[in-house]
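Going in written order, the chains are labelled A, B, C and D, and every chain counts its residues from 1.
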Amino acid sequence: MTLELEEYGCTIDELMVVTFSRAMDNDTKAFNGAVSFIPVCGYLLARRTHAPGLVWAASSIAIDADPPSIPESTLSDALWGGASMLATSAHDFWSYASGARYNTFAFRGAQIDAWGNVNNTVIGPYDAPKVRLPGGGGMADLGSMIPKIYLWNTVHNPRVFVEKLDFRSGIGWGDGGDHRERLGLPGGPQLCITNLCVFDFHPESHRMRVASLHPGVTVEEVQEATGFEVLVPDGEIPTTDRPTEEELRILREEVDPTGARLREF
Amino acid sequence: MDKRMGIEQAVESIPDGATVALGGLSMNSAPMAYVREIVRQEKRDLTVVAIVAGMSVDWLIAGGCVKKVVSGLVSFEGLGLAPSFRMAVQSGAVEIEEYSEDLLICRLRAEAWNLPFVPTKAGLGTDLIPLHEQTGTIRAEVDRSTGEHYVACTRLPVDVALVHAHAADEIGNVRVDPKLIWMDNEIVNASQRTLVSVERFIDHGDVVAEPHRTSYPQFMVSGVSLAKLGAYPSSCFPEYGHHTAFFQEYSTAASDPESFSAFFADRIVKPETWEDFIRSCGGDEMATSIRRSAA
Amino acid sequence: MTLELEEYGCTIDELMVVTFSRAMDNDTKAFNGAVSFIPVCGYLLARRTHAPGLVWAASSIAIDADPPSIPESTLSDALWGGASMLATSAHDFWSYASGARYNTFAFRGAQIDAWGNVNNTVIGPYDAPKVRLPGGGGMADLGSMIPKIYLWNTVHNPRVFVEKLDFRSGIGWGDGGDHRERLGLPGGPQLCITNLCVFDFHPESHRMRVASLHPGVTVEEVQEATGFEVLVPDGEIPTTDRPTEEELRILREEVDPTGARLREF
Amino acid sequence: MDKRMGIEQAVESIPDGATVALGGLSMNSAPMAYVREIVRQEKRDLTVVAIVAGMSVDWLIAGGCVKKVVSGLVSFEGLGLAPSFRMAVQSGAVEIEEYSEDLLICRLRAEAWNLPFVPTKAGLGTDLIPLHEQTGTIRAEVDRSTGEHYVACTRLPVDVALVHAHAADEIGNVRVDPKLIWMDNEIVNASQRTLVSVERFIDHGDVVAEPHRTSYPQFMVSGVSLAKLGAYPSSCFPEYGHHTAFFQEYSTAASDPESFSAFFADRIVKPETWEDFIRSCGGDEMATSIRRSAA
């Protein structure tokens, strides 16, 4: 495993966007929340490449937006250009979300555990927090309602990927196994894309499992950067697929010419 | 009935200890002119309901007005954490009752619709459920007929809703223009009284000429107050965006708790009127910089 | 009781409208359904006389409408002129109704019983009806939600005012007494205005009681026209108050110059 | 994806036995062009969900397409009872499952929101509660926490929603113009598929130019069909009113059941296309008479 990222002719932000993009398909109906540059770039790239029918509601509001570039906030109205509909009544949005008409959402989170549950509420005890975070916002809602959840984080370290969340703001696979099914919740987390690797989830235990390693990263490095024990599949772990020239060109020139995605790094 | 009233007069009607719901969503459309006046009038012990908020809640906390925040999220988004909110919750000076967006909307709907609860699947399997075992305001239930899990969200009574909008006539018909109401109608429907700050007054005749553009009917509105750039430093789509520089200046000032009190008193509280405040934030030049050409 | 209606200088439709109008006040927030000419005229007349702050949503849709005349249908968009708001999403309407922001509604009904419950579903058994009527529509909803219910009917006879409804499509005072209170429902029917008399409801039993007789009508005639036993108050039964010249002029010239209210007769 | 399709093609996608929800409210905005084509294609055993309807349900019943009507109200308002509906229910030829408006909306929301039930206080104390003891679709409940009574409305699954609107682009973004959607969004949200007849197609560029005017996003819409005066003889506010003369002629014809079949076959079913039908109803002259000057 001597391959390095430079040999891919791209940077880590680009690799993460392209990897995210490829996980999307023509049936994806997605929307985004705050500080979601990687997913937003991913949706736009997928729509311009292999998934022209992908639906994306910019800021959860501007359906099928087609912005000329990505502004400093992924909730900004500067992201809404070219939209076919502005849907900002709660009645509209939550009808589409709770009925899984929107089927895809991507989470970050100050903490992520082995089952893809997320915390954005507190570091430390809820009643006497060391750090009070913004709050879960829509995490508790969308984690329960949306069948295809993607996680991402550009800072893969043991403070983010923890053994135990200080607060479960949003559900991933819950306690693992058939927990979601028992609660009657659809689907669950599909992938977690980080700056070191791509995790998928074991089909039964629903624990995170290394699906591919980014060029130059070893499984030992991933384990070291992760606060819980990472599952490793049988056999050789593949390297994350290389972006095509065309994907990189579209991302750099059309989707995100100003490099807004770098705000996450 | 003429429902026009000054920002000061409107805020005078809010008693200490009231439950006040703030409109807007994150960096958008917060009723900042009312919020600033609440700070100036030194209201105390407010319970503040804010589904997804930022600067509005932070000002009220910095002003010492808040006993409890009932919220889904308080932050400055990509521009950082809300500093006064963060510090006050960490120190225990302000109580927080955390929900999620949909759980709060369902609680507001239970109140608006006069129902013991409104069900949702939001929050199942999260720590919000055990957290609220004490409050009893939301509870996990199992449907006796299908065996399905759901969360029952009980009523959230609100004394006053404060929202910002584009225009109103003298009797209180309010136009959000275009009709992008975020979740503001949910708090309006749940509140005993609603006060609306607006960018401009329009004639009743203009309202009648295009009645499909009215967002809240006059009988849902208790008072309307003129506040040009009244959502500043948050945005008022499509007329103006949020003011990044203000958020940055505020966050920087807050990094030193000592000097922040002086900054807050001087920059936020001191200006006599909302117009004075806007002037002190850069006035016309600043306004031009945040105005959308599309407006 | 030799006073006749002609001595009032008005017709029965006018007397019914004026009586309805006077029951409204400045806090009335009303809306109307289909074939509701008497209440619609009453709301407009009240707003032009003693209740300028009265709210009326024409067809439940056009808030504060001010039509130049009343069209052939009280759900017609021709009734919506001058409105301040067109509220036709179910979310808007049912939020205002279920929260009793609208506080007043008026029912007719193919059958009405002694407690002001109404039937608009079937004549005869539900499963094998003699006459299948349109259905209760919003009766079951609004009867439960709206605190001030008014009933009216221009055809006071024993087929309309029945001992037992063939189907209770909408609740008035239910089984009487504290039935509404036990169900947690606000308010209840206030008056029932017919072509013969005005009923109110006994404060405890909530049975219909003659409140006033229209000129020339006797209590015996009312009883004969009613399929249930009508309550009669102690002492002399007043005659329904006489409309003023001004009320009649406004009704005839401003509110309903084309006489749409006569469609109910 | 180009979702434009002819009225015929759209209706071909509806199988016998389907549950079909009809948009519109009473005399307004019913999807009559689709309804007529269902009759022409001799669909059978449909369950028809119609919150407040009239001519639409009557045509389907007269055409022999209906097994069951799930409804709050079916009538021609001041213009009389719906004759085929009345006769068919009286004779037992068609089953009726009666609700009220809000009970149906709540059942549709339970389906749309993926909930075991949606609560309401509608229907308490009425005969709708005992009526549905058998169906189990709505049931009176008591909240275990407050002791409040409410009605739990269970899911109402719908295969196809048929609604009429003003305009759509080629990929199925639909504009109701102005955005007076009646209860149509409630059936759209609850249905597996939605077909929309429109007065006109507009360019996608027009949709993008005013995205706040879009009522249903393309991903909620399966097909859009051109049908000028497609709500006739019901209205399409603000463009045209209902056609009183047609309702009267229809009701008069229905007073003689013998000759009504011939009338129905000749006047409603026979015209080949929707344009032919409109022509046979008076064409341009009739259209001019029902058009609103305000439009």
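Annotations for the structure displayed:
By our rule, a residue touches a chain if its C-beta (ideal position, glycine included) is under 8 Å from a C-beta of that chain, and two chains touch if they have at least 3 such contacts.
On a predicted model such as this, the values are computed, not experimentally measured, just so you know.
Looking at chain A and chain D, the chains in contact with each of them are B, C. The greatest centre-to-centre gap from chain A, using C-alpha centroids, is found for C. Here B-C and C-D were compared by C-beta pairs in contact; the pair with more is C-D. In this assembly, the C-alpha centroid of chain B lies 41 Å from the C-alpha centroid of chain C. Spacing of chain A relative to chain B, judged by their CA centroids, is 29 angstrom.
For chain A, the set of residues touching two or more other chains reads 86, 89, 91, 94, 98, 145.
Multi-chain contact residues of chain D (touching two or more other chains): 113-115, 120-121, 148, 178-180, 185, 212. Taken as a contact graph, the chains are fully connected, with every chain touching every other chain.
Those residues of chain A that touch chain B in the shared complex are 34-35, 61, 72-78, 86, 88-90, 94, 97-98, 120-121, 126, 128-141, 143-145, 165, 167-171, 174, 179-180, 183-185, 263. Interface residues of chain D, counted against chain C in their complex, comprise 25-28, 52, 71-75, 77-79, 81-82, 85-86, 89-90, 92, 96, 98-103, 105, 120-128, 131, 148-149, 178-183, 185-186, 235, 237-238, 241-242, 244, 292. Considering their complex, residues 89, 91 of chain C touch chain A. Remark: chain A residues 29, 53, 55, 62-64, 80, 82-87, 91-92, 94-96, 98-101, 145 touch chain D in the complex. On the side of chain D, the complex with chain B involves touching residues 113-121, 136, 139, 143, 145-146, 148, 150, 154, 178-180, 212-213.
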